[in-house]
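Scroll down for the structure; my scribbles are underneath it.
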Amino acid sequence: MSHGIIGWLGTGRMGTAIVNRLLDADRPVMVWNRTPAKTGPLAVRGAQVADSIATLAACDVVYVMVSGPADLEEVVLGEGGLLGGDARPGVLVDCSTVSEEVSARIRAAAAALDVAFLAAPVCGNPEVIAEGQGSFIVSGPVKVFEQVRPDLEVVAKTVVHVGEREQARLVKLAHNLYLGMMVQSLVEVVTLAEKAGTSRAAFMEFFNGSALTSPWIRRRGPELVDRDWHLTFTTELLRKDFDLGLAAARELEVPMPTTSAVYQLIQSAIGHGLRDEDFLSLYELQAASAGLAADA
Amino acid sequence: MSHGIIGWLGTGRMGTAIVNRLLDADRPVMVWNRTPAKTGPLAVRGAQVADSIATLAACDVVYVMVSGPADLEEVVLGEGGLLGGDARPGVLVDCSTVSEEVSARIRAAAAALDVAFLAAPVCGNPEVIAEGQGSFIVSGPVKVFEQVRPDLEVVAKTVVHVGEREQARLVKLAHNLYLGMMVQSLVEVVTLAEKAGTSRAAFMEFFNGSALTSPWIRRRGPELVDRDWHLTFTTELLRKDFDLGLAAARELEVPMPTTSAVYQLIQSAIGHGLRDEDFLSLYELQAASAGLAADA
Amino acid sequence: MSHGIIGWLGTGRMGTAIVNRLLDADRPVMVWNRTPAKTGPLAVRGAQVADSIATLAACDVVYVMVSGPADLEEVVLGEGGLLGGDARPGVLVDCSTVSEEVSARIRAAAAALDVAFLAAPVCGNPEVIAEGQGSFIVSGPVKVFEQVRPDLEVVAKTVVHVGEREQARLVKLAHNLYLGMMVQSLVEVVTLAEKAGTSRAAFMEFFNGSALTSPWIRRRGPELVDRDWHLTFTTELLRKDFDLGLAAARELEVPMPTTSAVYQLIQSAIGHGLRDEDFLSLYELQAASAGLAADA
Amino acid sequence: MSHGIIGWLGTGRMGTAIVNRLLDADRPVMVWNRTPAKTGPLAVRGAQVADSIATLAACDVVYVMVSGPADLEEVVLGEGGLLGGDARPGVLVDCSTVSEEVSARIRAAAAALDVAFLAAPVCGNPEVIAEGQGSFIVSGPVKVFEQVRPDLEVVAKTVVHVGEREQARLVKLAHNLYLGMMVQSLVEVVTLAEKAGTSRAAFMEFFNGSALTSPWIRRRGPELVDRDWHLTFTTELLRKDFDLGLAAARELEVPMPTTSAVYQLIQSAIGHGLRDEDFLSLYELQAASAGLAADA
């Protein structure tokens, strides 16, 4: 067993950004990736490269960041997976974005083999992570959380424990629901000011100077001003997050009146042809409904 | 005519905070207040005290900050008011919170006497102003705006020109509508997480580390966590802002689907007994609707 | 004083339809109209024609049906009006559509002269009245209501006393709010079925055979099927009723979550160009939002 | 093969009511029920009783009305089921309430054996059926529909063909969504009138005389007036219909803004303790939100 070496499975863009932060802090890291070539840049910076998942599984703590539930189940539970061999990590930390159901299934399988499990989805894109501005939302046994916390804090400025089970998955959905509401709220007041004769640019200059703005709005505001709906996150993808978030709310019997009003507007925006635009284009539906003539 | 001296009418808490910023920057200021005693602290710091509005009216630029439309009309248009004597300022700047209708009436009366008029409501409370973190939203002729801008920038970090007429009034209402939506959106996702087993404290710790939070939420978050609805701004006062904002939206024929959903929730909160609590107590209605047992 | 003769002021289309019902039942009626020619058909059928409002005012009970508040105030309170001369009726019944404020003002003026007042707006168009299918919504002293009830029951199948003051005005607004919600609700389920492949005609055939349909929907259903938005009542007029109804709800502090969602959709429909179409055209906005290709 | 005899599987309360209508019209009917005793009253009135599903399967047309999808799949596709033996009906008509998915699965299985399939859910309760006031919503091949239509018309006053596939299932859901919106709309205007001083009884008397009422409201109005929430259909069951209807709308990408606002109110009503009351108790949530003191 390789005491003290951090195992990392999955070195796509996000995984690479996170491992780079660990290497910056001189943490020893062993990586594995299905496409081995992607581990090259990390090897150059000092990461060990495992020749198999079995080798990686010998690390005390192994993090996984893959692209979805099918991949996660395969690399963890599948043949030759992290939990399938003789050597098994003491702690498994999943940083992928998967549902509560999948998360609970992995946790149960790990528990049956005495492997502790943390759900630890990340907020932020690779650039944000690289700047140390990301967040880890973590759920699982608090004792295990405290064990890995120092490593997480090297990576991200916010590291929060939100519960003993799968709560981290829901908190990430809650974050995305708020994002949609924030944008729709902004879009309503922007068009209101605009129809009264205040340009979007002037309004955003004011808004970004107020105590109501957010780092997200400051960053994306110029695109709203320019009606630049280049792809960051499509309206259809936002709808998917609302599908999941509202399904969770239904399961928990929590009414979400505002969320739900925004969800219907997202659906209307899709009906009006904005499916594949960035979801900031919720502006376009609102402007049309307000009878604002399109800019020249 | 007293060239270069800034005239200031109304030295309540907000007016005093603003004049202090001007004095800090060594600007010469002449003040007048209905209750003369309130000008004392400013006089000690070097402000001249006018013996009458007529004296103040001889300044080139006179700012007014009074508590409402009736006072504004009296000190400007009434007998012995700023526009009622022989000496009249070249520019009148109103920083009070009044409706577009009142604003337009004052502007017309000023124009008839060749006095330029700026609407310049302020965002921020006296503490925020004192720290230089306030905002001026200004509307009126851009040339006049440029003339007074250097003084406004001494006071507040954000000084934005939003239109040639009364737009500043609407932009301030838009700000308040967004505030209500922001809080209701937060309250929905907080209760969702809470019912799944994440404490409000943990959720807010996460949220305040994310790119979605705002300075306002960071400041008031602890009260939401503690369910401390001490009075900053009551649910009933928020409803008043929504009354005005939605009336303006109706006038402009701008649909406000999310705003309007939040407005109805504010009304429901009042029906459920939260009229005189701080409007953060929108949490209580949402928690009750989610079937969350009240905390011990 | 002309005991027992019913006075009727205002013989437009609605007034004529109502007086015809009274004449059908052999009730003695005296009429007056600003444009005297319009009383001709009624005179032929046996109605007396008053030469002045003063003459009409001598009847024990005088009904008024004029086109709005200004007319009402003039014929009742103005010079030469019903309450302005020596002879005054014992009971004044107003069947016009006016606000609670106007209604209360008339009531107070009447009370000061010992004239009892009933607010009695009508539901139904002239054809519906002619068939005896209309409704009177009445508010005012119940004793006075009982006095005139036999005459009202000759005219309309439904005659209901809804309160001692101006409640009849609000009940009529409530009727119109429900109408808007009924149509929007229908439009949502129609488009849902349509997108699944059920024609509007088939859906309406089913719906009109169910216990959920209403006489109004049965009557107007064919226009929805044919997308025939010929003018009966425009989207803009419906918005006006919602303006008034929601203002009353606000005054009474009654949240109206569904009503308010529909109101915003009406506003959006106007933004999308449906202002002057019949309000059944709410279908068009919903169909567009659902991405339904327009019919050939 | 028993030409001309109608096969009927499932003689619970609804099945019995329907078969009675067929017997009233002298149609020959052969019935089968899992609990044979329940066929007794029909046998007395002249129905043949099949000793097995295999015997019933020899009828040209067999109707099925069972309590849910599991039962349906068993009696149709299971061992000894309608499609499992040598004799098979030419036409299978399912009158149960099941999802589109189940319906499509049965249709495919039937098609593989050359058995035509109609989805034919029923609207109305046994009393309504007994009076001939029920409805059949039918989807499947129109030619097959025309073949069975004469029998359906003996049973119900409304028999409508709504599509070639599973549309009948969706139309029934659409009916139930409208039902929820109708009640919430009514509840909003009732409380509005009530807070102005019009009793629920007076309002309903007026409403039921207007062109907006429906047979359903006329029937259930007295319970709303009396706040009698005895169980007909619980708030929780209505929520289930909204779950299904809104899931179908999501699948079809049809925004349902009003439906969705009502759905959230249903969820809030459950949070406020109305889960097991009749869903007319949506009144209670609305009355509480309006600050209406509970009646004595």
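Every chain is named by a letter (A, B, C and D) in the order it is written, and numbering of its residues begins at 1.
By definition in this document, a residue touches a chain if its C-beta (ideal position, glycine included) is under 8 Å from a C-beta of that chain, and two chains touch if they have at least 3 such contacts.
Note that this is a predicted model, so its numbers are computed, not measured.
Novice: For the Cα fit of chain A against chain D, please give the angle of the superposing rotation, nearest 5 degrees.
Specialist: C-alpha superposition angle, chain A on chain D: 180 degrees.
Novice: Among all chains, whose Cα centre is located farthest from the one for chain C?
Specialist: A
Novice: Whole-Å distance, chain B centre to chain C centre, using C-alpha means?
Specialist: 43
Novice: In angstrom, rounded to a whole number, how far apart do the mean CA points of chain A and chain C lie?
Specialist: Each chain reduced to its C-alpha mean, chain A and chain C end up 56 Å apart.
Novice: Going through chain C residue by residue, note those that touch at least 2 other chains and give them in order.
Specialist: Within chain C, residues 253-257, 261, 265, 267-268, 270-271, 289-291 contact more than one other chain.
Novice: Using the definition of touching given at the top, classify the network of chains in this structure as line, ring, star, complete or other.
Specialist: Drawn as a graph, the chains make a fully connected set, so complete.
Novice: Given the complex with chain C, which residues does chain D contribute to the contact?
Specialist: By the definition above, chain D touches chain C via 123-124, 128, 133, 135, 137, 139, 157-158, 160-165, 167, 170-171, 174-175, 177-179, 181-182, 184-186, 188-193, 195-199, 202-203, 205-216, 219, 245, 248-249, 252-259, 261-262, 265, 286, 289-291.
Novice: Can you tell me which positions in chain A touch chain D when the two form their complex?
Specialist: For chain A paired with chain D, touching residues are 243, 250, 253-257, 260-261, 263-265, 267-268, 270-271.
Novice: Applying the document's contact rule, which stretches of chain A touch chain C when the two form their complex?
Specialist: Interface residues on chain A, with respect to chain C: 257, 261, 267-268, 270-272, 288-291.
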